[in-house]
Amino acid sequence: MAGSVLGEVFKVMTWGESHGAGLGVVVDGCPAGLALSEADIQAFLDRRKPGETKYSTPRKEGDKVRILSGTFEGKTTGTPISLMVENTSQRSGDYSEIAQYYRPGHADYTFDAKYGFRDYRGGGRSSGRETIGRVAAGAIASRILEQLGITITAYTKQIGPYVCREECMDPKNVEKSPLRMPDLAVSEQAEEYLSGKMKEMDSVGGVVECVISGVPAGIGEPVFGKLDAKLAGNIVSIGAVKGVEIGAGFAVARMTGSENNDNFYMDSEGRVKKATNFAGGILGGISDGDDIVIRAAFKPTPSIFQTQKTVNRKGEDIEIQIKGRHDPVIMPRAVVVVETMAALTLVDSLFVGMTSRMDRIRDFYSDMR
Amino acid sequence: MAGSVLGEVFKVMTWGESHGAGLGVVVDGCPAGLALSEADIQAFLDRRKPGETKYSTPRKEGDKVRILSGTFEGKTTGTPISLMVENTSQRSGDYSEIAQYYRPGHADYTFDAKYGFRDYRGGGRSSGRETIGRVAAGAIASRILEQLGITITAYTKQIGPYVCREECMDPKNVEKSPLRMPDLAVSEQAEEYLSGKMKEMDSVGGVVECVISGVPAGIGEPVFGKLDAKLAGNIVSIGAVKGVEIGAGFAVARMTGSENNDNFYMDSEGRVKKATNFAGGILGGISDGDDIVIRAAFKPTPSIFQTQKTVNRKGEDIEIQIKGRHDPVIMPRAVVVVETMAALTLVDSLFVGMTSRMDRIRDFYSDMR
Amino acid sequence: MAGSVLGEVFKVMTWGESHGAGLGVVVDGCPAGLALSEADIQAFLDRRKPGETKYSTPRKEGDKVRILSGTFEGKTTGTPISLMVENTSQRSGDYSEIAQYYRPGHADYTFDAKYGFRDYRGGGRSSGRETIGRVAAGAIASRILEQLGITITAYTKQIGPYVCREECMDPKNVEKSPLRMPDLAVSEQAEEYLSGKMKEMDSVGGVVECVISGVPAGIGEPVFGKLDAKLAGNIVSIGAVKGVEIGAGFAVARMTGSENNDNFYMDSEGRVKKATNFAGGILGGISDGDDIVIRAAFKPTPSIFQTQKTVNRKGEDIEIQIKGRHDPVIMPRAVVVVETMAALTLVDSLFVGMTSRMDRIRDFYSDMR
Amino acid sequence: MAGSVLGEVFKVMTWGESHGAGLGVVVDGCPAGLALSEADIQAFLDRRKPGETKYSTPRKEGDKVRILSGTFEGKTTGTPISLMVENTSQRSGDYSEIAQYYRPGHADYTFDAKYGFRDYRGGGRSSGRETIGRVAAGAIASRILEQLGITITAYTKQIGPYVCREECMDPKNVEKSPLRMPDLAVSEQAEEYLSGKMKEMDSVGGVVECVISGVPAGIGEPVFGKLDAKLAGNIVSIGAVKGVEIGAGFAVARMTGSENNDNFYMDSEGRVKKATNFAGGILGGISDGDDIVIRAAFKPTPSIFQTQKTVNRKGEDIEIQIKGRHDPVIMPRAVVVVETMAALTLVDSLFVGMTSRMDRIRDFYSDMR
């Protein structure tokens, strides 16, 4: 397992480099009979596309997805779905220089240490373009969740010191903000902050928050297969993520049990509810029916245009100045990556979870006869 | 996969409930020829044992481990190692009451939602005793890492508002503090804070930090198999963990690229080093040769003795008062759990990583002939 | 993965050596709510027990199974089920001699080649006692299949040149034959043949056939996950199996398409049926609703009492005479091993198969709310 | 896991339908630094190509492979290798009729039973074209084995009643026979037999044998991960295979222990050898250093041009006559499929096997520093 496979039952394998022929993913384990078109997937890819605002790289990437297998007459057939996006905007010349040295904050050095050499063009496999496979597969997972009444919404919660206020976040505002910050007043402040850092040829970090609604209670496995463990691991696997929180997250360190425990009560429809949601919708690794809330900290883009100190492959200390086209802020484009990683995680957990009770399995198979 | 299996090549499967016959783990994939005794494993289990200080439950748990298979004449044979700890200190009577209701902050409700019923005695499978299997398997992983010159040290970094000062943390102090806080002055303050909360029949949260030294550069897989992703997922799988950070963690949200990028330089022995370690020893998911630094936020123990509101299985709002023996603070005993989860993750990544280069595989097998 | 883990969703990990503390298995992925007692499992283990007829080793093995976890009040809880059989009839002295040489037909040499040394007592992990873990886990799988209306019956089809006649095989006769051959006349001939070979201090081979009834059409995955591929692989994993056939098996090599194709027809209840079953109940790797028929060829027990030529660990040609207690024929005791391996395979395929259609998943989860 | 993923460490995921955009495979876990070109893979694909002799379908399939990722400057980079073959010779019209009924011996009925509907064009995913992904991935595995001094040779051993004579099989003759039978005299007889059956609008079955040379002793895992179990399972996963044998195979049923045991002896170079090879190079699931010999029984092509009885989707008994272009014999084209499935299996086992000894792991990582 060299790292590009995800999932136990709903399995995806992504492939592709920044400057190769293309990028893609194969999904094995998608159920038959799901309506699926290229447009369904394109809609997700378009949200991660660069070049749409002044805060993302001016590279024009067409990123048109093709479905190569696994559908017939507009529906999935149950066999592997192969998705591909061709690389069309390659300027390999831009990158020839970086072949010789290790960019700070990038995987150049570690790829060399691991593999002995690397495809240096645009970061190769460690490029942000690697997320195309995740998003394309996650689009399918999202279509499945839609059928089950589950929705996932992510947005930029924080950029530098600017944090959206809980009471001012309307999900409808996300797409109104060029930074995908639902608190539009804070978004404006963050834009100003970002513009300042861009002038200084610097980049900024931030936090993406993701809310999953409609998950029935009982999803997730105990011990290593906890739903929060799977979500955390998969979201940290997104490049640039340096931390992840569920529910109250790191704030629990300063809380007491009496503050942090969510009391249960019966709602008017006779359902078990929690008075608060510090747990973030997961107890003992298993969903409790409440919104699942997860946050990821993104480091500032390592590609900055300031002069930086580093070393070259010959083992000499040098100074470099990175060229090319790079996002000064990742979060707005990463929002859809977080959403789709959550979707992939959740579909797999839902599928595994179908076998947790003997009576339900018996009903399932007696219906089938 | 119902959640109790971990690892791709170094595989462990844990089992056991708080009040069943015992708890244990089977390890498949441990190499042959490793010296291993019950004492090696017992040393790790003893560090998670309760009843040693006033801050842990007064339950006496013998927790004596037996090696049931996989060793011969003091060495591992390469076949599965089965480890078992018998449960000896069961007072099932204490728990009969909780069969009927859902304790806030616990997995009672979610287990019922998932499985239709649950072994309520002492939390059953969701009890903290579940970590015995993790620690026992992780002890073996730690023995392997020792052979490879890799060490793992975890400690309590924070309890409530009391945070160890970077400059005052001596790893040798960890065992001198009843809270396993290496900054002894802060540890004393935290003890006072904790005592106060205990009097209020409350519990406290905190942070455990873990440092892994000696990992060669090049360990971890790109994309989903990133070393930080695996560490994060596996550490969040520890009950009560609500957040995890690598290196600078959530602090990166407020940093700029120029602040957060770790510059490379050549050290006097001709090795590539980083001037700082905001990355926490991992770049692009692959180790960079530096210390790997990871932190986990633990929520306060949900079992508190105050009156709490909740619901019972009949669907009625009720008030409860939890009895029994419960830790008011988890971190001191969780330190070894974090260490062993890190060890399990790392051994698996090291083993998978042996196949990353064709020349090394060729050498390996030509040596073998 | 060092080989002792089986299954994608219904996962088992076996452990134990012939002369260690015991043998066992952990099952992760057993649904909650299945009635399960130690007696249920013991019934299967008793069928593989030696010492019951003159054709099996006179060793007395108690082989009493204990359930260590995963059940509560007589039902499975959905958490890992740990099963253990203690070794009680160990005479390690018998085996000290074989430490120094490689028995022909055994794994002594290959274990040494792989691991550098081996637990030589009774064959260690490569002993036939290793099947205890398989049978114990398979007993649980069989209980699940029972709930789904699926039955598995295996029996000795052939011993040496003596082959049961299709028209004379009544499953009710299996337990009447000491060789578990349902054609009792042929069984008697085979007994005579076997007695002759025993007098010559030799052993005999044979074939076990296994019929699985009640599997609905549609189970199994295309390509690598074909039901027959999984069955074949898992049955060949039983020690001593050197070949496996599905349906007509090797006879297809001499058949033409017009002979081998099973024509479909509609039965009186409006169901799709096949006029013949050369396919053995599986088409394109997916069950067709017909009986699944599979056969395994077992080599004669390699432990024979004649003088044999071999080499020792010092690299010298030597002559040996094996002592101890060994079955002159494996098939009668292997019947239950084949059955349980089939059961383990089938349960896993049934569980994976629950996610093959979107409409069924939607129904499943809408029922769950 | 919906069936299209293979391998534990060297992982492949195939995709594609007979009449979709194309077919392909992604390989994750190929080590970096292996020289690999499209020509290397094409050479294998050309051997499974139809249209080359009168015994294969006259369809012209270009089957040109493209490497879409995972190589750089002619060498693998360690990241996923995506391979694709576009479908160019589609005549979907030929197949519209079969949408309505179930062809005997095909997976039409079982796909419908499993998924509710199917891509009926050319058999969709159950077409023999599915093997393109296997062969392409297996070509990479073969390149790896070449580096390790391991060779794999398969050929047609038997067609109908015509069986190659052990003493008359020269591997160099394989490509001289249009049936890939190395006993050229028997090949001619088989051709005559086949021509006769073709005139009768019928098809024939047979056996493919595969010999793997150069595998060091010690490869394969005990219990479920036995090398023969993996080989058997993976070879049965090839469409049309109904049986598989290792070494003496089903002949062991009639042998005694004294006949079947392979005696060990020391050869002149001081190596442990076996006087015979009834074991087929594998003892206790682990390679013994001898040639690994495996045979697969292929059923006659189910697509025959005679009138056949079957049912349609409306549930009516009907008579059909299959049209289109179909091979009257599969073995000659299947030879390379068997070889590549063996290669995929073996590479995975070799990679997993690198972690079987602590001393070797220690050496490996101390070399790495």
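Per-chain residue numbering starts at 1, and chain names A, B, C and D are given in the order in which the chains are listed.
Please note the rule applied: contacts are C-beta pairs under 8 Å (C-beta built on N, C-alpha and C of every residue); 3 or more make two chains touch, one makes a residue touch a chain.
This one's a predicted model, so the numbers in the text were calculated from it and none came from an experiment.
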Other chains in touch with both chain A and chain C: B, D
Greatest separation from chain C - chain, by CA centre: A
Which of B-C and C-D has more C-beta contact pairs: C-D
Length of the line joining the C-alpha centres of chain B and chain D, rounded to whole Å: 44
Distance from chain D to chain C - Cα centre to Cα centre, in angstrom: 25
Chain centre separation (chain B, chain C; CA means) in Å: 38
Multi-partner residues of chain B (each touching 2 or more other chains): 1-5, 8-9, 14, 29, 32-33, 78-79, 114-116, 125, 216, 218, 222, 352, 355-357, 359
Touching residues on chain C, where the partner in the complex is chain A: 8-10, 29, 31-34, 76, 78-79, 144, 147-148, 216, 218, 222, 350-352, 354-365, 367-369
Chain D to chain C touching residues, read off their complex: 1-6, 8-9, 14, 102, 104-107, 109-111, 113-116, 125-126, 130, 158-161, 197, 200, 202-207, 216-226, 228-230, 232-234, 236-237, 239, 242-266, 270, 272, 275, 278-280, 282-289, 297-304, 306, 308-311, 315-317, 352-353, 355-357, 359
In the complex with chain D, residue positions of chain A that touch it: 1-5, 8-9, 11, 13-17, 20-24, 26, 28-30, 32-33, 66-70, 72, 75, 77-82, 84, 114-119, 124-125
